[in-house]
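Listed after this line are the structures, all set down as structure tokens.
In the two complexes that follow, chain A is the common piece, with chain B as its partner first and chain C second.
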Partner chain A sequence: MSTEVPARTRAKAAPKSPRQMPGRESADRKLVTQGRWASVLLLPTLILLAVVIIYPVVNAIIMSFQNDAGLSSSGFFVQGGFAGVDNYVHWLAQQCNGVSCPPGTLGSQFWGAMATTFLFTVATVVLETVLGFWMAIIMARSFRGRSVIRAAVLVPWAIPTAVTAKLWFFIFAFQGIANTLFNTHILWTGSEWPARWAIIISDTWKTTPFMALLILAGLQLIPDEVYEAAKVDGASSFQRFTQITLPLVRPALMVAILFRVLDALRMYDLPAIMTQGANNTTTLSILVVDQIRQGFNSAAALSTITFLVIFIVAFIFVRFLGANAVGAATSSGKK
Partner chain B sequence: MSAATATTSRTVSVPERRPKKYDWALTRTYIAAVIILAWCLAPFYWMVVTAFRDVGYTFDPTFFFTHVTMDNFRTVFDTSLGNHFAQNLLNSFIVAGVTTVVALLVGVFAAYALARLNFRFKFAVMGFILGASMFPGVALVTPLFQLFTNIGWMGTYQALIIPDISFALPLTVYTLTSFFREMPWELEESARIDGCTQGQAFRKVILPLAAPATFTTAILAFISAWNEFLIASQLSSDQTKTVTVAIASFAGSQPHVEPYTAVMAAGTIVTIPLVVLVLVFQRKIVAGLTAGAVK
Partner chain C sequence: MRKTFSKYAVPLATASVLALALSACGGSSGGGGGGNNAATQNTDARGPITYVQGKDNSNVVRPLVDKWNAAHPNEQVTFKEQSDQADQQHDDLVQHFQAQDSNYDVVDVDVVWTAEFAAKGWLQPLTGSMAFDTSQMLPATVKTATYNNTLYAAPQTSDGGLLYYRKDLVPTPPKTWADMMSMCSIAKQHNMGCYAGQFAQYEGLTVNASEAINSAGGQIVDSSGKANVNTPEAKTGLSNLVQAYKDGNIPQQAITYQEEQGRQAFEAGQLLFLRNWPYVYNLAKTDGTSVVKDTFGIAPLPGMTDGKPGASSLGGHNVAMSVYSKHKATALDFMKFMTSSETEQFYATQGSLAPVLSSLYSDATLTQKLPYLPTLLTSIQNAVPRPVTPYYPAVTKAVQDNAYAALKGDKSVDQALSDMQSALQAAGAK
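Moving on, here comes the complex of A and B:
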């Protein structure tokens, strides 16, 4: 029922047969009518996105320049009101009321959380890219039962992250199957590096399929003839991989990596459920959520910083590494 | 779509010569395939095995189903420990369902415009929508937490649905646009020339073509909203708590003892419908997932 409109709009957008308006003039007029229709059709989406995203973000930016009313950490009552960049200084310099934040307070965790977030991002994305590439190459081959593999990789992807977290929490329990299988006695979620590895492994399990499928889609765009020609010319399988597969799959690969990096930078569910951020597994998202109940405005400043970090990383990817997500999405050939 | 066509064409093209000696490459492929299969399915299998296992044998490492019981599923729906799993399931259905319907009803127009019409700023609009889909949920939670507290919306369904729109709508527009772009729209014209009315052309040609794409997009949007955790964990109350939040904080009979088997049972209940859905519509979902990322 909702799809009924496209047909109707189409009829209204181009009601006349092209013969009646020949040449350039008709093309121009067509563009104008199409533009008008496009804005009508796009308006609901853009308004809704403005309400659910731009309004809260602007709100958060305004809040981030306000003081949190209430007791300060040194015991004085602080009035609300304009705070300038105090909230930002509080996080970036880890300063609480002019002195550096005492250990254990949220304020003292900013750079640690930043480092953890980037550690998780780099570790998971590297693992997922390597593993995903390997899976994609296997899935691109033709063999009996290939569709079974393609269906199976969708299973981790479909499982909610919260369930994934609980499942791996169980696997990594002290008496759990991971310790039993490898005959180890590691307190996985109880100390720093095991906890981090537990989170990295869980995330890799959950999201490698997505990566593999995106890379596979890129691999399938490479025509077989290119490989055959290279084989005839005597290229080894390694040469074929580095000289043909890698360069040709690069656009799809970069977009996949961009998606995953941006997703990993906002990682929340896995560490929040598996460790509650203990043992230095607090990511930026967890720190924001922890801060919300201690002061909105300070949390707003932190979420703005998080947003900016993600924005800058995305910008670097698109601008310098050529991850052309928009170009891939619009067929207009603008590159 | 292109993925599916490429698949079939390649499957057909390969077995052209009979290998005389043993095919080691194929063997290696099969070994790799088994490893992938095990890596993807073993944890999921372990969840299901544990869900059906007697709580006394929680850490039994036996690979097969042993000590099978339905007790864990009874525990999941038992409300005496303070869990309200049935209510949570209903909440998730309401939130994810409404989010999906709203995103589709609004997004289908935008997708049509982006796929079919030429206009200025198309590139910018697509960039904005893509950017929106990558937006960190945590940047919404803080201002919305305060806003919803002020206007008394905490613990209402709209407090969960509105932020969910922020990722479901861009996802819908993005996926539908790439599906629509690959549809053979000329067929509508052809149907008109062959004497169909506008309505018939729509009913008999466009609708059957667009329905699978729209349905697949709906599945993707529904799964993304169903799996959402961060927003729901902050903006829901006991009455509107969704399943993901409930599973994360599932209460056992003894404090400080994690009710692993019950949690695995709850996870199985939440996951099985999704897995079935995904396996049934595998092809379409893969096409939807990778749509737009490659071109």
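Moving on, here comes the complex of A and C:
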């Protein structure tokens, strides 16, 4: 957020420069010196960012073009040397030593993991948005004990994910609560779709409150007068929802969805603890961690691919979302 | 939006140049070199050292370290305790070895990591002046510490699978797999599951599938480290498990079982036979919820023929010396101390850890405290270690994934074994 403020002031200042007045010159110079000072003051932060973020990312990319260590004839590991794009081909084409990766290798799981990751993302974000919206609308009303409800709703979000995962692991055990309650004999963690549903349900349980609170914040920005005016005009409650609530809450909603999508795309702990990635619940992050134990350089390539995938998704979202946010801001400014 | 991009282009470019320069300085990480000089250095040096092990839950290590320190004032040992998660212990060791940390002198390694660390050139070969006497130790445990015919670690504790059975329902335990399957009708009469082990897709399945394959005379990798699992013997072994699951002799929920779920089912009286580790013994005897306290017995794992018990997989830990240690003479003495007969007894009495010295299995005080020891001895004497290979993470993945698919009926046993063979070869076991 803070980065956009100077951008906007500069953008506003620029068109004015052709018709500068004599009195404004000193003010402009002041702006320039201020800008210089700003860069000097920003430098430590930039260096810190370079060391803790850019260096690891760049190093990972460099590593991803190296072969993993291999055994020499004497039985010791030796450096693999330059690999070119071999590591990327290994993952994207699922090739192991020139042949298609056999089942039981990590390489054979790449596209499956990609599909699983996106399945989890779409399913959980849709469920969390719908349920979160519903919860937010309830919490936005005034009723007795509202603050208690608001606090109570946060409990699942406050529990560490690893604990949540263990909790649901026990609930979905064969003799766990889920099967006892519904009198079923489902192998929740032992077959494909039940395992996926178990993970989707746990993630929804955990993250819906987060979604609900973000949407609630958006709802509270809508002035009551708008609703009152609509009521006077005779709009039904459904019309008020679709014509007023939805459009006005949209910016907050999109930001919430973006956060959740990015979060869900790197889902690791829930499936890792509940199923250990068995039954086609391996996500990209689980695959990366498994690969780290087998070879760093190949894992670096995989995490670079994962990074790019998430980056592209985020980019699409921000472009789509950002264009609207800018449009909304300028149009309201003109009025 | 676009303006902000160009605005940040310059600092970003500066930062990435800086980052490139930094990474160039750092050099690339990854596999260490073999045949290094570090192994020949500091072999006579004495002085303070550090011992690294996972969380000391039953207070075994501290008393031992205190005892050593009292006797060796000039060669003090510091105990560095890691977390209680095996994966974290492994990664912690890798990081310190990669940094060539001379403060990790003597380390405790899981039996399945030993080959990997040895191949990375991180473990001191126990040869020449560093030789270590393993003649009194159980041969299978020594195999887990041996890579490329060189001993790289000293067996410290061991563990083997036992067959827990209900002696009230089955007076004599089954000697062979076929015997056990024929007894499953008894389980049916009592409306309980017949047999379970660890069949969820994780390390436990590698243990159980290897046991089935090894018991039938097959192998996962041969003595030279080559994958050799696509054989008729291996097929017999894996088919035993698959058929039992299909017939319902292994209850359907067992495919979600790790050690604990199996133990709970057995203690609740829902299983006739259970393959598990010795830790279950005391719990099943003393747990408040256990309904089998006085009605269960233990036996070696069933084999293929009457005279030969099943081939258990091995658990346990080895103790090894870092090549980067500055005081290797002290380190070697400390390793001998940590595997001495007296210390091994202490492991057993204080931590219920199975000793690696065969003589202790008939020790009267020990067998009184740990009545399962004689049975465990049979188990370990017939044990086959899990594949000793530097590519263990990939090897166990190949075994688990394909054995799991076969159990679930997603693919035939033949297909599973041929895929397992290819996956093992892709993993490096060529």
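Side notes on the structure shown:
Basically, the second predicted complex is superposed on the first by the 265 of 335 C-alpha atoms of A that agree within 3 Å, B and C clash if a C-alpha of one lies under 4 Å from a C-alpha of the other, contacts with A are read in each partner's own complex, and residues count from 1 in each chain.
The rule we apply is simple: contacts are C-beta pairs under 8 Å (C-beta built on N, C-alpha and C of every residue); 3 or more make two chains touch, one makes a residue touch a chain.
Remember, it's a predicted structure, so these values are computed and weren't measured experimentally.
In the superposition on chain A, contact is made by A:252 with chain B only, not with chain C.
Once the two complexes are overlaid on the shared chain, A:103 sits against chain C while remaining clear of chain B. Applying the stated contact rule after C-alpha superposition, one finds that A:49 touches each of chain B and chain C.
Looking at the superposition, the partner that touches the larger set of chain A residues, chain B or chain C, turns out to be B. By the document's definition of touching, neither partner reaches A:85: not chain B, not chain C.
When the two complexes are overlaid on their common chain A, residue A:296 makes contact with chain B and with chain C alike.
Once the two complexes are laid over each other on the shared chain, residue contacts for A:122 go to neither chain B nor chain C. Of the two partner chains, chain B and chain C are each touched by A:59. By the touch criterion stated above, A:266 is placed in contact with chain B alone, chain C being left untouched.
By the document's definition of touching, of the two partners only chain B reaches A:304; chain C does not.
Overlap of the chain B and chain C contact sets on chain A: residues 3-4, 7, 10-11, 39, 42, 46, 49, 51, 57, 59, 63, 173, 175, 296, 326.
Note for the complex: chain A touches chain B at residues 2-11, 13, 31, 34-35, 37-39, 41-42, 44-46, 48-49, 51-53, 56-57, 59-60, 63, 134-135, 138-143, 145-163, 165-171, 173, 175-177, 180-181, 205, 209-210, 213-214, 216-218, 220-221, 224, 251-252, 255-256, 259, 262-263, 265-266, 268-269, 272-273, 284-285, 288-289, 292, 296, 299-300, 302-304, 306-307, 310, 314, 325-332, 334.
Of all the residues in chain B, the ones that touch chain A in their complex are 2-3, 6-7, 10-11, 13-15, 26, 29-30, 32-33, 36-37, 39-41, 43-44, 46-47, 50, 58-59, 61, 104-110, 112-114, 116-120, 122-123, 125-132, 134-147, 162-163, 165-166, 169-170, 173-174, 177-178, 181, 188, 198, 201-202, 206-207, 210-211, 214, 223, 226-227, 229-230, 233-234, 243-245, 247-248, 258, 260, 263-264, 267, 270-271, 274-275, 277-279, 282, 285-286, 289-290, 292-295.
Those residues of chain A whose C-beta lies close enough to touch chain C in the complex are 3-4, 7, 10-11, 39, 42, 46-47, 49-51, 54-55, 57-59, 62-63, 66, 68-72, 74-80, 96-97, 101-108, 173-175, 185, 187-191, 275-279, 290, 293-297, 318-319, 322, 326. Remark: chain C residues 1, 3-4, 7-8, 11, 14-16, 18-20, 22-23, 26, 28-35, 87, 90-91, 119-121, 147-148, 200-202, 252-253, 255-256, 261, 265, 390-391, 393-394, 397-402, 404-405, 408, 419-420, 422-424, 426-428 touch chain A in the complex.
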